[in-house]
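Order of writing sets the chain letters: A, B and C. Residues in each chain are counted from 1.
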Amino acid sequence: MESTNKTWEIVIGLEIHAQLATKSKIFSGSPTAYGAPPNTQANLVDLGYPGVLPVFNGEAARMAVKFGLATKSKVAQRSIFARKNYFYPDLPKGYQISQYELPIVAGGTLDVVLDDGSRKTIGITRAHLEEDAGKSIHEGLPGLSGIDLNRAGTPLLEIVSEPDMRSAKEAVAYLKTVHTLVRYLEICDGNMQEGSFRCDANVSVRKFGAAKFGTRAELKNLNSFRFIEKAINYEVARQIDILESGGSIVQETRLYDSERNETRSMRSKEEANDYRYFPDPDLLPVEISAAFIEQVRATLPELPDEKRARFMRDHGLTEYDADVLTVSRELAAYYESVVKLLGKEPKLAANWVMGELSGALNRDGLDIGASHMSAERLTGLLARIVDNTISGKIAKEVFEAMWNEGKDADAVIAEKGLKQITDSGAIEAAIDAVMAANPGQLAEYRGGKDKLFGFFVGQVMKATQGKANPAQLNDLLRKKLQG
Amino acid sequence: MTVHTLTIAELARKLRSREVSSEELTRACLARIEQHNKPLNAFLTVTADAALAASRVADKRLAAGDAGPLTGVPIGHKDIFCTDGVRTSCGSRILDNFVAPYDATVVARLKNAGTVMIGKLNMDEFAMGSSNETSYYGPVANPWDRTRVPGGSSGGSAAAVAARLLPAATGTDTGGSIRQPAALTGITGFKPTYGRVSRYGMIAFASSLDQAGVLTRSVEDAALLLEAMAGFDPADSTSVDVPVPKYSTLLEQPLKGLKIGLLKEFFDKGLDESNAACVRAALDVCKRLGAELREVSLPNLPLSVPTYYVVAPAECSSNLSRFDGVRFGYRCKDPKDLMDLYKRSRGEGFGAEVKRRIMTGTYVLSAGYYDAYYLKAQKVRALINEDFRRAFGEVDVLMGPTTPTPAFAIGAKMNDPITMYLNDIYTIGANLAGLPAMSVPCGLVEGLPVGLQIIGPHFSEAKIFNVGHLYQRETDWHRRAPAGYA
Amino acid sequence: MSTLTRKEVEAIAHLARLAITETEFPVYVASLSSIVAFIEQLAAADTANVEPMAHPLAGQVQRLRPDVITESDHHDKYQQNAPQVQAGLYLVPKVIE
């Protein structure tokens, strides 16, 4: 539980590694698809064989520039690849090709909406390109580790934030914002389970008003939004504990253990690594021209922020609704299709997309892209609410049938005879019958027991199989009950 | 017919007129290797069966009239070039068991041009050396005097060509490793402009300095080979997309009016007087052919050796990190943990000079030293480059000695690395600036060859070949063979 | 600083993952020290306002490759060179995280 500690200020910076959704790797023509059998997607360049050389995938540059533009960053006209030298079995060359002094993108910002609805601007220090390492497998190999280099060479965009976040919740909000953005830009699929969106957190505390930052710990192995929040909170409490008992924080890397909900020092990383960065002599400076940037700018989609603002302005949606509907580009597109086809009542569309539709998708574990109900079919249903053919309540029943059986709204309504009763004569007759059948309650109601109104509504609905138009029913019932 | 004394140009004529077959040439090479290789230790691997098979294919093409200038010509590759299915050791224990799964671009291009690969040639380990004494497989001997070194790192290539075991061999030149052994063994050695020839498949030593080239017995032969090897390669980001001239057709331009710069810094007290005399005689020949000589100065050039010995070790310390006993190459016995695997595989797999350079490189790149050494060296490199650029504003080519002395005795310079490093004093500058350069034989001092170096501006290969070729028409140093190998 | 200490050489050898034996250490300390002394000459050069030269060909820029898959699976061939392989994985002594 996050405490509102009045003494200690929390300072958090996040490093995100987003795997770029290119078809081939950053420095070789190997495929990047996830899940292939070990080492079947690692060619000689990926394996760091003697004599091989890297050749740079232009699409990775394009994607990085897209990110830079979407975060109002400066795109470097000239950036350099540098070698980060260290030994690890999943790093075949014994160095990682990355960027050091001259990254491709620097100095941007991202507006983040917090839990309480307020907004905060988080600085983005830089975003640079680098290659991913392979994977080590430890299970089933006693005393040994198995190295799979399929992932080695996949392009990464490392996004480094300024240490601007002041709580775990802010950190998660920023993370979610970046997550949504990279998917909007179609530069990363954001799949945290598959490791295509990874996050490390730099966490420190200091007394409020202190000029300098405290010593920070780097948290790794944070692979869900929930774990990130818990890990940061644990770490903050740990650091405050130490400082309050007179100790000091060791600058180190700590692994988050989700089972025990604690962070632990990483033994192997205790010695500071001297990475001996130097410009990679096998690669030349990357020049990004103004023309290139404009070409990329032309491919930018409407960004989440812009879309949210437009939904609020043009559709009259609340901030909350706009937020939910813009979480993914596909969901927003679906919603907009419905609005366009319906031609009116965007709020109705919003409610149904956020409510019934999302509920059904979640229940069946589906993405919006795999929805059993197209925007057209949902619109068909909503149109029948708008034109009073059915009530909102009945519509839910129709939705279920449409979802499970694949039929159109009209077909279901006809089949099940669900048309709303809007004929006042019929409703009056039903009311009369109910009143006649319940003389006792009638007398009590007329005697002042107002809450029996609901009883009568229920009885009439039962008698009409729920098809009485609710508004008309209320109107006519009130008149008749009064006598 | 004696074929081992013929140049490629001469062999190509005889092959095309069917006076001799590629198979006969190949058998002749194999026989000479059988006879002479042991004391020289030039060849590490002889691929006899594959060579004979390739020679028969070449003969079919020659018979069908479907042949290029290199079809059927035997050639050897420095063991730094990856050759598909053939062991590629780089002169090192750490790759002693390494069978390359692909061909280097240079190998593929020469294969496509019809050459017949005879085998892989000995070299200083990972191209680090100037005497071919650091090879895991033992030193190579100079055919002119087998108690002396042939130079390095392309020592095996040079010895094999000088001993007439085959007409040509590929080599690599990072600080002089083609030119220096060519000079010490009395043959022609050519290093192209950086980026002219692909580095893909050429095991990397110092990436911003390495270039593939050739060792031959004539300038014309070097031109023929470079035509086939050079050109843009999409697999090498540092490969330049500039058309390749037909060098062999550009050899005859008269030298009249050619401005030759004599580097003041080269004719210094380090240069043996007898070497200097041979070089001056060569310059006189050029003068007779119509060239103008003038003195130029490259004041930062004396810093080229220390600059090189920062940049090259830095790059190699990183390039050699991939040799870790994990995916290929030597792995130590019974590693007790990962750290032990790394340290002993590399400690046992690499020789002393390689370890020395890896450690030097690690040191100059390390935190706190990067600015003082690596960054500083790259700045001095820029100064040297600028010196050359200015000089080429005044002259067309630079000429001078290739080495300070003729071949020294095996073992003579192994005690102090610096003494060994100073052998490259005249050659290193061209690597730092990425310039094309060539060494041609220009004399004998007490029976040992001396080389003349020609350096040109970027992409002036044609001019360098032209000058060298006309010089070789006026002289016959390049036709002299060591005793016992004639 | 033109001489290296034994400790410094140990640190460098560790960074470079090279096992150096007891008898070898003094030899490397001596030769590395003389190399470092040799390269100290560079300090005297006046390089104020000089841009470091990372590549020999000025003005050359990195070529961009199209995003196309050009490679297929050859792991059988490549793993023939591997010291220890099982189920397609390269094996090393256990890596402790």
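Everything that follows uses one rule, which is that a contact is a pair of C-beta atoms (placed from the backbone, for glycine too) under 8 Å apart; a residue touches a chain by one contact, two chains touch by 3 or more.
For clarity, every value in this text was computed on a predicted model and none was experimentally measured.
With contact taken as defined at the outset, subunit A and subunit C are each touched by B. Centroid analysis (C-alpha atoms only) places A farthest from subunit B. Across the two interfaces under comparison, B-C and A-B, the one joined by more C-beta contacts turns out to be B-C. With centres taken as mean CA coordinates, the chain nearest to the overall protein centre is C. Distance from the subunit A centre to the subunit C centre is 41 Å, each centre being the mean of its Cα atoms.
As a whole-number value, the distance joining the C-alpha centres of subunit B and subunit C reads 23 Å.
Taking each chain's centre as the mean of its C-alpha atoms, subunit A lies 58 Å from subunit B.
Touching two or more other chains at once are residues 98, 101, 208, 234, 237-238, 317, 321, 324, 326-328, 338, 342, 362, 366 of subunit B.
Chain contacts: subunit C has residues 15, 17, 54-55, 60, 62-63, 65, 74, 78, 90, 92-95 touching two or more partner chains.
Contact of a single residue of subunit A with at least two other chains is seen at positions 44, 47, 49, 55-56, 87, 89, 147, 274, 276, 281, 283-284. For subunit B in complex with subunit A, the residues that touch the partner chain are 81-82, 88, 90, 95, 98, 100-102, 104, 199-204, 206-208, 234-238, 314-315, 317-318, 320-324, 326-328, 338, 342, 362, 365-367, 370, 374. Subunit A contributes residues 22-24, 28-31, 37-44, 47, 49, 55-61, 80-81, 87-89, 136-138, 141, 143-149, 255, 266-268, 274, 276, 279, 281, 283-287 to its touches with subunit C in the complex. Partner subunit B is touched in their complex by these residues of subunit C: 4, 8-9, 12-13, 15-21, 24, 27-28, 31-32, 34-36, 38-43, 45, 47, 50-57, 60, 62-63, 65, 74, 77-78, 80-84, 90, 92-95.
For subunit C in complex with subunit A, the residues that touch the partner chain are 15, 17, 54-55, 60-71, 73-75, 78-79, 86-97. By the touch rule above, subunit A contacts subunit B in their complex via residues 44, 47-56, 83, 85, 87, 89, 92-95, 147, 274, 276-278, 281-284.
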